[in-house]
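Two complexes come next, and they have one chain in common, chain A, joined by chain B in the first and chain C in the second.
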Partner chain A sequence: MILKPVLDDFKIVGFYLSKVILALGAAMGIPLILSFLLGEYNPCLDFAAGIAVSFIAGLSLKVICKTDKDLLWMHGMIVVSLSWVVAMFLSAIPLFMSGHWISFLDACFDSMSGFATTGLALVQDLDHLSYGHNLWRHLIMFIGGQGIVIVALSFFVKGFSGAFKMYVGEARDEKILPNVIHSSRFIWMVSIVFLVLGTVSLGIAGLAAGMRPFNAFFHGACNFMTAFDTGGFAPQSQSILYYHSLAYETITVVIMILGAINFKLHYHVWTGSKIELAKNIESRTFFAAVIITFFITALGLAEAGIYPKAAVLFRKGFYQLISGHTGTGFQTVYAQQFFSDWNDLAIVGVLIAMALGGAACSTTGAIKMIRIGIISKAFIQDVKRILLPERAVIIQKFHHIKDVFLDDKLVRPALIITLAYILFYFAGAIAGMLYGYPFLKSLFESTSAAANVGLSCGITVPSMPAGLKVVYIVQMWAGRLEFMSVLTLLGFAVAVVRGKK
Partner chain B sequence: MIVDPKILFFVVILLVFSQQARAGSVSSEDLLKRSAEFDGKAIVYSGEIIGDIMRRKGSVLVNVYDGRNALGVYLPLSAAGVISAAGDYKTAGDIVEITGEFRRVCAEHGGDTDIHASGVKLISRGSIKKRSIDGAKKILVFKLLGALVIIWILSRLKIR
Partner chain C sequence: MNYRVAVNVSLGILTELLYAFAVILSAFAVCLVVSIFRP
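Moving on, here comes the complex of A and B:
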């Protein structure tokens, strides 16, 4: 029997949601300041409107729902899933007001794409967008990569017992440190240190490429934020191809890989346990997956004969592959060329990499390496069970920070989530085909949205059907949160309608 | 409404000349979608220089935007003196007509798709855009800030 939610349930959700909304409003102050300093006065007004609406909504909700009750698991999950939807609408306000998005739906699409660190974009005339709006696009990706709710909590809440429930809701089921707030602050510390290093490195690469100093470092900061958070927005419409620079590509590859590594692994490497990197199941699986998927892509590209030199084939193939595997979405080939110049085999290689994703507790989306590692180990265990004598005791272990014995309790959820992702990829592909797109293109774009990658084969354009935009928004949202908190929200909605008192 | 015949004549002449100017020019969409067909061929491509004018060893790299896509164009140093403004939020970049070779996979530049220009013609000089403050936005923001102050006062009263 489903119980109907009581008033207190709504108040708890509303109260914590208000904190997230207020934090988001405060974050809009950063691009507002930049716009003001650069004399971009209309963008200043766009952000002032966004801040005012956020503060009005946040303050109203805070007063109406004021409570001192703590969160239950259900509340935590609902706060998370609702926060992402509310954040999408609020962040879209300054974007839409800029006039670079033809509809509010398009602005919402880019806003969700940013928060979910996807990178698919419907912005028009990006090359003439203001610095303030461009910073906001990249900042929402940085915030989304860390987890919107956790960002709000780590800065605005001193500590409370419900934090872990929201931390898990944002698809981070591993605590780095015993306290969740400390864990999220560690994630911030790592991100800020890399932000400084990454911005300087990319800034220098930009200067060497001939860019103006301000642009070089502005682009450096923006590209770092979206590379480390495996998002994929770029300040110019050509993505990384704008720079025509090997150094730029090399640095972004390093940053993308750093972003795809589990923050728990970062912690162990930072605290001196470098051997963990070589022993960990996630890094080993990632290494193997990159080799296999690159082999497929390279075979396809060699067969297509588009790149006559091996070095060029490696540069183009490996960049798109790593971009897809880490879920970033930076491109050094034009979207139109993916399907006109690359053959199906090469595209399938990148498609598999996108579907697999990076590490758990990182900023990537998709199935993730830990699940692939566990399923592979379970597969090996079952093969051994068939081959070895019936009385043999088969023990399978893997190393993830510590040695872990493989049992069905670990394999089952890994298989369920993997299956859910695969179904989700195909559901989006069917939606694409219903709108008349061919199968492989539809599957590619759907996987890119649901796995929060952002590589595009050309379907994602402002003129695409509105229904498909909504499908991709839902895919980006549910894919980033790994379904559970979204399903809890749907369950809550059902309980409101059909629950018993 | 009666249209001045002089204005009508001017508009017709302008349309005819702009069509002629476009006739030899190929769009970025055609270049990218039919890249194999245009690979290694001499083309004419027009658009606005956007972003940065990047000086490199022996050439200048600019990205030229034709309203659909931007393509990288390598200009010889001698031709680079013609251009001066790159477009962004505050600036309308130079509009140029590039004559050169389209390279689907440029062996010289790591396999990138680009154009190696042999000539560049300045169609119109770039300029600083004049942007006045949007009155409707200003009024909206004042109204929202007013509402926010009221909500804030009410929230303080309610909390007490």
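Moving on, here comes the complex of A and C:
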């Protein structure tokens, strides 16, 4: 029997939601300051409007819903899923006001794409977007990569019992440190350390490629934020192809791989056990998955014969593959080239890579390496069970920070989430086919949206059907949060209508 | 931040960079093998 929510339930959700809204309003201050310093006064007004709406909404909600009641699991999940929807609307305000998005739906699409670290974009004339708006696009990706609620937790909350419930709701089920707030701050510390190193490296690469100093470092910072947070927005419409620089491509590949590593693994490698990286199931599975999927893509590209030299084949093929595998979405080929130049085999290699994703508790989306690793181990265990004598006791274990014995309690949720993702990819593909797109193209774009990748084969353009835009927004949202908090929100909505008092 | 923490973090970052380059070089080796058999 589902119980009807009481007033206190709404107040608790509203109170914590208000903190997230206020944090988002404060974050809009960063591009506002940059716009002001660069003399971009129109963008200043766009961000001022966004901040005003956020502060009015946040403060009103805080006053109306003031409560000192503890957060339950249900509340934590609902706060998280609602936060992402509210954040999408609020951060779309300055984007829409810039005039570079033809409708508010398009601005919402890019906003959700940013927060979910997807990278699919409907922006028009990106190459002439103001510095302030460009910074905001990349900043929302950086915030989304860390987790919107984690941002609010890190800066606006001193510590409360419900923090872990919201932390889990944002698809981070592993605590790095015993305290969730400390875990959130460690995630920020890793990101800031790499932000400095990555921006300097990309800035120097940009200077070497002939860019002006300010632009080189501005692009460096923007591209770092979206590479490390495996997002995929870029300051130029041609993505990373714009730079025509091998150094730039190499640095972004390294940053993407670092972004796909579990933050818990970062912690252990940084604080002691360096060998953990070689032993960990996630890094091993990622390594194997990259090699297998790239083998498929390389075979396809060699068969297609469009890149006659091995070095060119590697440069083009591996970049798209690692961009897809880490869920980033940077491209060094044009979107249409996937289906005009590449053959089906090469595309399927990238498609599988996109569907698999990076590590859990990283900034990537999709099925994730820990689940693939656990399922592979379970397969091996079952094969051994058939081959060995019936009385033999088969013990399978894997290493993830510590040695873990494989049992059904681990295999079952891994299989359920994997199945949910696969169904989700195909559901989006069916939606694409209903709008008249061919199967493989639809599946490619749907997987890119649901796995929060951002590689596009050309379906995602401003003129695409509005219904498909909504489908992709839902896919990006639910895919990033790994379904559970979104399903809790739906269950809550059902309880409001049909719950018993 | 004391000296030992800084050294540990630097070595950690170096280890992660080595891992990233190991992935890249292994993929390059795959590419060479594919190119040899399917020129």
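Just so we're on the same page, the second predicted complex is superposed on the first by the 501 of 501 C-alpha atoms of A that agree within 3 Å, B and C clash if a C-alpha of one lies under 4 Å from a C-alpha of the other, contacts with A are read in each partner's own complex, and residues count from 1 in each chain.
By our rule, a residue touches a chain if its C-beta (ideal position, glycine included) is under 8 Å from a C-beta of that chain, and two chains touch if they have at least 3 such contacts.
Quick caveat: nothing in here was measured; it's all calculated off a predicted structure.
Could you tell me if A:274 is touching chain B, chain C, both of them or neither one (first, second, both, neither)?
A:274 contacts chain C only, not chain B.
For A:236, using the defined touch cut-off, is the partner it touches chain B, chain C, both, or neither? Pick first, second, both or neither.
A:236 contacts chain B only, not chain C.
Is A:316 contacted by the first partner chain B, the second partner chain C, both or neither?
A:316: touches chain B, not chain C.
Taking the superposition as given, does A:104 touch the first partner, chain B, the second, chain C, both, or neither?
Touch partners of A:104: none, neither chain B nor chain C.
Would you mind checking which one, chain B or chain C, touches more residues on chain A?
B
Examine A:287 and indicate which partner it touches, taking first as chain B and second as chain C; both and neither are also allowed.
Second partner only.
Contact-wise, after the overlay, does A:10 reach chain B, chain C, both or neither (first, second, both, neither)?
After superposing on A, A:10 lies clear of both chain B and chain C.
On chain A, what residues does chain B touch that chain C touches as well?
In chain A, residues 313 are touched by chain B and also by chain C.
Touching chain A in the complex: which residues of chain B?
29, 32-36, 50-56, 60-61, 63, 65, 69-70, 72, 87-90, 104-105, 107, 109-114, 131, 133-134, 137-138, 140-141, 144-145, 147-148, 151-152, 154-155, 158-159
Taking the complex as given, what residues does chain C use to touch chain A?
8-9, 11-13, 15-17, 19-24, 26-28, 30-32, 34-35, 38
Across the complex, what residues on chain A touch chain C?
Result: residues 193, 197, 250, 253-254, 257-258, 261, 266, 269-272, 274, 277-278, 283, 286-287, 290-291, 294-295, 298-299, 302-303, 310, 313-314, 317-318, 321-322 of chain A touch chain C.
Along chain A, where are the residues that touch chain B in the complex?
39-42, 45-46, 48-49, 52-53, 55-56, 59-60, 62-63, 66, 97, 127-131, 209-212, 215, 236-238, 241-242, 244, 246, 306-309, 312-313, 315-316, 332-334, 336-337, 340-341
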